[in-house]
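Shown below is the structure under consideration.
For reference, chains read A, B and C in written order, and residue numbers begin at 1 within each chain.
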Amino acid sequence: MERIQLHDDLQFSRIIHGHWRLADWNYTGQQTLGLLEQCLELGITTIDTASIYGKYTCEELFGNALSLKPELRGKIEIVTKCGIKLANDENSFRLNHYDSSKEHIIESTERSLTKLRTDYIDVLLIHRPDVLTNPEEVAEAFSSLKKDGKVKHFGVSNFLPSQVNMLEAYLDVPLVTNQVELSVMYRDHFENGVVDQCIEKKMPPMAWSPLNRGAVFNNQEENPSRVRSTLQKVAEELGTSTIDEVMYAWLMHHPANIMPIAGSGKIERIQSAVNSISLQMNREQWYEIWVSSRGKDVD
Amino acid sequence: MERIQLHDDLQFSRIIHGHWRLADWNYTGQQTLGLLEQCLELGITTIDTASIYGKYTCEELFGNALSLKPELRGKIEIVTKCGIKLANDENSFRLNHYDSSKEHIIESTERSLTKLRTDYIDVLLIHRPDVLTNPEEVAEAFSSLKKDGKVKHFGVSNFLPSQVNMLEAYLDVPLVTNQVELSVMYRDHFENGVVDQCIEKKMPPMAWSPLNRGAVFNNQEENPSRVRSTLQKVAEELGTSTIDEVMYAWLMHHPANIMPIAGSGKIERIQSAVNSISLQMNREQWYEIWVSSRGKDVD
Amino acid sequence: MERIQLHDDLQFSRIIHGHWRLADWNYTGQQTLGLLEQCLELGITTIDTASIYGKYTCEELFGNALSLKPELRGKIEIVTKCGIKLANDENSFRLNHYDSSKEHIIESTERSLTKLRTDYIDVLLIHRPDVLTNPEEVAEAFSSLKKDGKVKHFGVSNFLPSQVNMLEAYLDVPLVTNQVELSVMYRDHFENGVVDQCIEKKMPPMAWSPLNRGAVFNNQEENPSRVRSTLQKVAEELGTSTIDEVMYAWLMHHPANIMPIAGSGKIERIQSAVNSISLQMNREQWYEIWVSSRGKDVD
């Protein structure tokens, strides 16, 4: 599978496997390991998780699976995230909030390492832009984690350009990615400067919710219906029967080197994402989908 | 006529003649040549056209006229644009879309050179921000065209600041202008950072639709009516009877060195744009029009 | 009191006393002097005024008070502003407008020096972003005022990031602050890049209307009512009885080094702002107020 260069010594597989709903799949450790091995066979080496996924359980579920075959650690890249504190039964928080303090970043990462049963994270992301971001503290936390070999690279998620610029002004390491929502049905970041900045800074974006949580499949409103028709038409032209492949291909045809996160626990669905890489969408088909989604012709 | 410096070796006349509707004027080559000569007598040396104007016909109409008196080529600056593909009878496109691929930029420019009957373009603009812009390809196309002497300078049109920044990060030539819609009735780019960026980068903007397609003259809605009254009042104060002169003068009073594109085929209308240069609008009159257009006082 | 470093040789007190309504207080010179001395006892050394405050009268009222005890001049920092022209009985302006011409900046500052009975301004701000800003003229005015020792430092007020970038590209002095509206009830500048830019450029913002002109105290609409309840709850937790202290503390807990402008003529109210500095708000309380103000949980 095509690999995307994020830094001199860092590559991701074009398709990334997402563990957002890993806890919902109710897999045994052996089953989770099996899914990982199937992903690896498809060329998917990059795993996306986060401290809070599955109410703080997904990292551990994956770590347990990985511990059944520790030699796989060197063959994969693990992306995890810190910076959100969920109110739940185990802690005393009254409400969900963000925390990008030095203390939290380091503590959260230590917990991630323990749960993931690994001694390093390939890429650590700040999960959401904390309004209280003190970039000096973030810089200190990143430097400390890097110096200790606990994290190799750093990035952000859901950051706007002004937030990336603000943080980067204080860091002595580059941000290697911005993980944002991107899909046929969610065009905001193509229009508000986020994707422009990713290209400008050679910081390939990871795309979450690349299928828009299935809205385009089920939603009967006017806009999704119109987009679905267009996707079906293009699917026929490209010789595939599934519109989710077209949705993945649409993201990957964009020159920003977008890396879609396939968040399914079923290997057939993941296979579908991989298949989409070989679809040869042309520029006109891409714009037909764009125009269908925005509901009006280009100017 | 005042001339605006866009680069060390590039100046435009303050007023630019626009060929957007050249095909609608139904002029013979000799008539088009006559109009050009009248423009030159007024000091207008810069011509704005585009590959797609008149459904791909305007460049050729002008080229034919120019061929009647080739010695005029050295006395004018030709601006043309590439990057839009219109669906029409002659090609197989299903829908209008954008294309800033290296291949398209070069092919479109070659066609422009042929149609315009010239061996160089003074300034080539990317007509619209292509969502699929690959800035490396644009940079290669620009370098190639410049090296071959086919295009002397490059710019953009209708680009937002993030799109300019993204593209410039890859170019080894400066962008000399951003051609955008600017008028008394269309204030967006004064408020969204586009004009700020033009000043910051010393990249004087060309203004298309400086008379807002006449909306202010004919539209009976509240906002245009109010603006028309204000323009008439200021016109009286400035000693002119035509509000379009005030609209041009309003743009040129701004410190960004805005170059209005006068898109008329009638020399009287073009003369009106030229006359506006000598109007001495003051700051208070300028703001009276600004306030009238936004419909509320400044804060 | 904590002091904020704005430049190598410039510090402000964390709380700033605002003279926006000085004329409304109907104080004698002696009373105004008394208030200043009470502020100084509290550690407030920075005074914020503007040419136009009190319809051009506030600077003079303060200057008269200061002349009663000139030795205080060296113990305070005076911030004043230029760039707005109000239509009033004394001049011939038809409407309020902005003016950032070299001529106006210098003339306005000369008048401020005379009215304030001082021979230097600590920080001069451009009061509002003039749409007609010619940054070369602003740069010339600033250089001239600095060279003559009339102004020590410069800043802006109510500027968006693109306007700051545009102006800074021409200045040979740094902008030391951007004075903007910031409060529990006015979150815009936390979300539109203004505060991000302040942190990026190490340019601490001054906050005007930090109590949102009392809207949260009196307004019975849903949103202010909800925020008031949250503020009251946090006030109890922090052991204070006044929610305005919580509103000040909320601004100062943010890492941008926000300096609230307390615009009251009553020393008890100013004391309240100073008291807020010692409140130990935690991150969760901060976000509880944030969430209450935006009316929805963080994502």
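Brief remarks on what is shown
The rule we apply is simple: contacts are C-beta pairs under 8 Å (C-beta built on N, C-alpha and C of every residue); 3 or more make two chains touch, one makes a residue touch a chain.
Computed from a prediction, not measured in an experiment: that's the story for all the values here.
For the pair chain A and chain B, the CA-based superposition corresponds to a rotation of 120 degrees in steps of 5.
Counting the residue numbers used at the interface between chain A and chain C, under half appear in both copies, so the two copies meet with largely different residues. Work out the mean CA point of chain A and of chain C, and you get 42 Å between them. Among all residues of chain C, those that touch two or more other chains are 161. The touching residues of chain A, when paired with chain C in their complex, are 85, 93-99, 101, 128, 131-135, 158, 160-163, 165-166, 169. Touching chain C in their complex are the following residues of chain B: 161, 190, 192-193, 196-197, 199-201, 253-255, 283-284, 286-288, 290-291, 297-299.
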